[in-house]
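These notes open a run of structures that come right after.
You will see chain A twice below: alongside chain B first, and alongside chain C after that.
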Partner chain A sequence: MLASIIASGLAVGAVYALIGITYNTMFATSRVMSFTAGQLGMLGGVFGSLFTLRLGLPILPALVLTLACCALIGVVTEIVAVRPVLKSLDQHLYVLTTLAVALLIQHMTAMEWSTEPQPFPRLLDLGSGIWDEKYWLPVAVCILTILGLEYLYRRTLVGRAFVAIAEDNFAARALGLPERNLRIASYALAGAIGALAGFAGGQLLLAFFANGPLLNFYGFIPVALGGLGNNRGAVIGGFLLGLFQQAANFLVGGIFSSVAVFTLFIIVLLAAPQGMFGAQAARRV
Partner chain B sequence: MTITRRALALGGTSLAAGAAFSTHLATPALAQNEPIRIGWLAALTGPSSAPGIGFNRGVLFAAEAINAAGGVKGRRVEIITRDTQGDPTKAVNATQEMISQLRVHAIWGPTNSGESLAVTAIMARAKMPNIHPCVVDTLIDERRYPNAFRLTPSNTQWDDAVRSYCLTRVNAKKVAVIGDTTGYGVSAVNASVAAFQRDKAEVVYKANIDATQPDMTPDMLRARNAGAEAIVFWSVSTGLIARLLNTRANMNWDVPFVGHPAMSSGEVGSLVERPANWEKVYAIGYKSCSYDASGNLPPRTAELVRRLAGKVNLQDSLLWWVSSAIDAVELIAKAVEASNSTAKEAIIEHWNGLKAYPGYYGTYTYSPTQHNGYPTEEVVMSAANSAKNGAFALAPGY
Partner chain C sequence: MDATTGTAPPRAAAAARLAGPLRPLWPFLLLLAIGLAMPLTGNEYWGLITTRMAIYWVLVAGLNLIVGYAGQLAIGYVALLAIGAYTTSVLAAGNVLPPLPAFAALGVAGLAGAVFGVVVGLPALRLRTFYFAMTTLGFATIVTQITLAWQDVTGGGIGIAGPMLPAPFDTTWGFLYFCLGFAAICTWLTANIARSRFGRALVAVRDAEVAAEASGIHKPKLLVLVFILAGALAAMAGGLFATLQTYITPDAFTFDLSLLFFIAVLIGGRGSILGPLLGTAILTVLPEIAAPLAAWSTFLYAALLLVIVLAMPGGIAALIDPRNRRNLPENRVIGPQPAALDALLGRREVPAPLTLRGIVLAFGGVRAIDGVDLEVTPGQVHGLIGPNGSGKTTTLNVISGYYRPEAGSMAIGPAPLPAGKPQGRAGLRIARTFQTPRLIGEASVLENVMIGGTTDGRTGFAEALLALPRQRQEEREFEARARLALEAVGLAGLAEARADRLQHSELRFMEIARALMLRPAFLLLDEPAAGLSTEEIRRLGALIRGISRHGTGVLLVEHHADLIFDICDQVTVLNLGKVLAAGTPAEIRVHKEVVSAYLGA
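And then the complex of A and B:
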């Protein structure tokens, strides 16, 4: 039982962590919590199934196309739901606009794809039991993604520009950084990361339009637990959430496990409002 | 010539009076020849459209067959269809249009319980004869809705059939009852658990699982550890069903699944990891639409299938959707024929007197105090993975 809890807990935790990173990537350059993150994860599964099973493409081209499509949707989100409300961030209008786009994506998927879950293919056909690829693949992809992002942010010029925008938007613009282009690029990157979450977790979650709200909710928890904008915190928060959720599933059953998860979430936020790994924000008085 | 307001008013009044007079005079002739208008509330598009399309094929087939044979005492059957898209609001609008503008003589549908809950009271107020295939128990209440008749089994009848199969044919004395977290899933699980306990069976595990939960191992392990000998399942979620079946296979557990007809949906077949995972799954079916051990349908159904051949596609539909819709249209036509009237009261009175009416889908018996007309003994369990031309093989034990 313990092995099963760990295998499935880490797998769903990795998917939640990747959605958390999607939230963070969009937040870093725009200060907007875009509620399209979960839908991008859902689309990763749907596009993956579409390109591989319906259109018969090999896995690699299907993955590339999935990432490209979701990156494009990320860019469209930036243009239609984020950019128009950036001037009035304090009014939190982005909640409305990004939720509207999320709903649009979900309903379009329901109409054009299916309201029933559709199969997702075996990707590598490796492993069985608790070593089945559906458990370890999301974990591996999550680790590779966080390593890739660390490399991007620390070793590349574009990555450093992202960090500069995230640290101080005004100063970065004053230095001549193309803030708008970098923001568009970060939304494209977030779209690709969300797609990766859905693609890697497709065998667990299936290609199902209703996965969007689920990932939106459970992907937000690692962000809150790990500290807003902190990717390493989101990864640790995601894995902890997955393990706790699966343990609660085993111990108290499906319905009550959601209650247990949200109870723990509230307790953690009461104890550490900035998240477990977030720094206390200094406020000038 | 100048048209004054007085002349216009006088002219208008004369025209209206003339029209009313002529209509009044013409009424008897029209009533004898006017078509029998049957309102058909169909979910032809949207998420629950698969049954709607199947029912529609039966409706059109029945209407064409009756009209080709000269109609009902010379009167044609006219089907007036409105696509509700499975949306209760659209169903309400269509019902009101059928009652007040289209003046239909009877309504068949809606075909899902959510819509039916929204329109049943409206039809009752208009005393509109209504026959529908929805399973929620509260939709039939002979005192509040004396106009509403159920063509299919109720939820309770489904539950009785599943329980009977588990206890007498699978010989399972310890069962796990599992459903989803929707209103339907929760109420169906509670009702099923209570009924098993009334029959002195032991419900060793009860769970409502979120349909999007990715891993079913916890629930299946708990059910196995509790000693479940059969899993009774209540949900329409094909993803949930497939995950449970895949988990059962991964656990090398061969416990039978018994329950909701959704377990026999083709979607489940595409979601299970191996075809073998779909074995030992017994979904609710109907005797009239089941193959016996020799692979034959009952004679009356076989005759219907021969008539349908080349006219109605059964490859992507269920036979009971088609046959029950044929029965619905024929029940309305027979009521008009027997009572020689399209009056609402006459149709309802005829249905209230039906005893063992032999339809294709079932043998119906209604009375003023019982509008659940489908016999429980005709509800059977089918082997979920045995679909062929819209019908299923009987589950083992029959």
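And then the complex of A and C:
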């Protein structure tokens, strides 16, 4: 029983962590927190189910198509909701525009896909019990994503350019980095990561339109706790949240576990608004 | 307006007083009349829709103060509607306590809403925008889940009957009239707040937070008051909503509703009451007149939200605001009036000097100020000059409390001046301007200036809510004082113009007027001459001299050496955070190191 709490806790934790990384990837190049992060995760499950079960594609092409579709949605988000409001970042208009795009995505899915949870296929057909693939697959994908991102950011030129933009936008532009293209690329990357989260966690969460706001909230908590833009913080926060949530689920039941998570979240945030590993706020005067 | 504007006596000017949010009044009366005339149609269905519109407006009216005025993105307000609906229903049904009469239950719901309004709002006092939006969304989800789970009280998924109001409000039309009346009262109450110093302070917190602090506006206290009001209104709207529905389940409180409330404010436009009222009406009616759209209502709201933010950020209010169309006169001249300055500042007790001793402040490894001593004498102009990065503005920020020095002391006469606490400076009569003017673009110049006097407000929130005579009297005094201040700096003709339509030089004088509103003992000016023409600089110099001659100690940070040497009584020169020289302008002008470090040969 403890084992199953840990297995499912780590599994959903990995999904939350991946959504957290999706937030961070978009934030890094644009300083924008986007409400679409959770929707991308939801779409990963929906597209996955659509391509495999409804259209009958094999797993690998379905995965590639899912990633491509979500990457495209990421790019569209950048063009429609982020770029127009970047000029006046201090007015926080992006909160409204990305919320609007997120709702458009969610409602479109509800109307065109289904308002009921739809099944998601078994991907590898490996393992059973607590070693079932639906538990370890998200964890494995999360670890691979982190390793991949570390490689990208540390070893490749494009990755270093991302870091430069995230570190100091003005200086990076002054150096001649194509800031706009890098931003678009990061939104595409974020779309793919979100899709990966939904695809890997599809067997747990199913292909369900209402997963969007849920993932949005639970994926935001690790970001808030770990500090904005801090991927390692997001992973640690994600796993902790997953374990806490599943334990609370088991001990006090589903509804009060979400109350417990929410209360804890608020208390921690009020105590440490910058998160556990976040940076101090900028000067104002 | 009469035709003799040019020579209008002061009384007439007061009659043309600043346009409150209920001016013009006729659109409100027209909407109310349409609502009241509904029974004539005999169509009960439209009666219900009008009732729902009135109920939604009760909530939106309060939310408008939070979203539209204070700029806090509270999205999940359906939570408070649900709390109010369930509190009223449960108390009236009597399944927990002995049943209460419907009106009493509604009152208790209002109290519960006030409490939860603060609970939902508290994160806004500490968290960044996106975080706050997220927490309000989370709160809305939690409330729905609790209503589902707490079956003994709420009936869970099965629901609970809504309260019945006693006769004559138990019919469709009776209830409509009750809701219309309640909505009208809420409109009046929130308009009273919006036009009071509290309303101006809310907008200041939204658009010019730093200037708001310098004017002595205490953001947490202000926001908590507004959260209480908005929460109470939202919960009472919930009670009425339960009556309208006759039966409520958690399904009735969907996220769509939250979105409707929120978008109604944004469609309406920030800082307006008529706009959000129209927004509420449109969004309530829209799905009704286009029935096939009902299933797509969320999609529609979301699309609307996107279009509004990107295409018309001002909302309906910007379209109907006449101040946007009226042209300002060209070739305007800023002509300060010394007589108005006399009337404004008058003769005052000369305060003790402001002294700084050994102030040290480092940012990381850089010592921005490194042992600065300074004395600002009342009635004198003290110039603070030095190359870029020498610590001039930092010194100003230490005095006005934005930075907390690591060492050193500040005092006014014998009384120590506490470090930090920028909101406390206005109370000590220390006013300031900023290098980049901090203004509320959508408010009138007059309102911008009135912000400066906020700390002198004596009447409370409740008095403002009900617009009691003492509060109205105080408002008239504020306005008169602000007009004097504008006259003194030479902007009297622009009092009614929107601040964002002013030229840069005019904004600099407007900031001085806002500072004068405080009748300051000490005035800190941060590069007031930057971007001004030679003639304007000359007038600025005369104005600053005039202010100091009324007993105010002026600390002037400036790069225009001519202005400094013209009007200063004392000059301190900073270099690399240290005092390089101090003395009279004549001494400084020939000081060898100053000449080589800063002035040039």
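Note that in this section the second predicted complex is superposed on the first by the 277 of 285 C-alpha atoms of A that agree within 3 Å, B and C clash if a C-alpha of one lies under 4 Å from a C-alpha of the other, contacts with A are read in each partner's own complex, and residues count from 1 in each chain.
Rule of thumb we're sticking to: a residue touches a chain if its C-beta (ideal position, glycine included) is under 8 Å from a C-beta of that chain, and two chains touch if they have at least 3 such contacts.
What you are looking at is a predicted structure, and each value in this text was computed from that prediction instead of being measured.
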Of chain B and chain C, which one touches more of chain A's residues? C
First (chain B), second (chain C), both or neither touched by A:103: second
For A:76, select first, second, both or neither according to whether it touches chain B, chain C, the two together, or no partner. neither
Where does A:92 make contact in the superposed view: on chain B (first), on chain C (second), on both, or on neither? second
A:33 in the overlay: touching chain B, chain C, both, or neither? Say first, second, both or neither. second
Touched partner set for A:68, first chain B, second chain C, both or neither: neither
Check the residue A:255 against both partner chains and state whether it touches chain B (first), chain C (second), both, or neither. both
Which parts of chain A are touched by chain B and by chain C alike? 253, 255, 258
Note which residues of chain B are touching chain A in the complex, please. 47, 181, 207-215, 217-219, 221-222, 237-239, 242, 250, 267, 270-271
Listed in rising order, the residues of chain A that touch chain C in the complex are 33, 80-81, 84-85, 92-93, 95-97, 99-101, 103-104, 106-108, 111, 213, 217, 220, 224, 253, 255-256, 258-259, 262, 265-266, 269-270, 273, 284-285
Within their complex, state which residues of chain A touch chain B. 1, 4, 8, 11-12, 110, 115-119, 129, 201, 204-206, 208, 210-211, 214, 246, 249-250, 253-255, 258
Can you name the residues of chain C that touch chain A in the complex? 73, 75, 122-123, 126-131, 133-135, 137-139, 141-142, 145-146, 148-149, 209-210, 255, 259, 266, 295-296, 298-299, 301-303, 305-306, 309-310, 313, 397, 402-403, 434
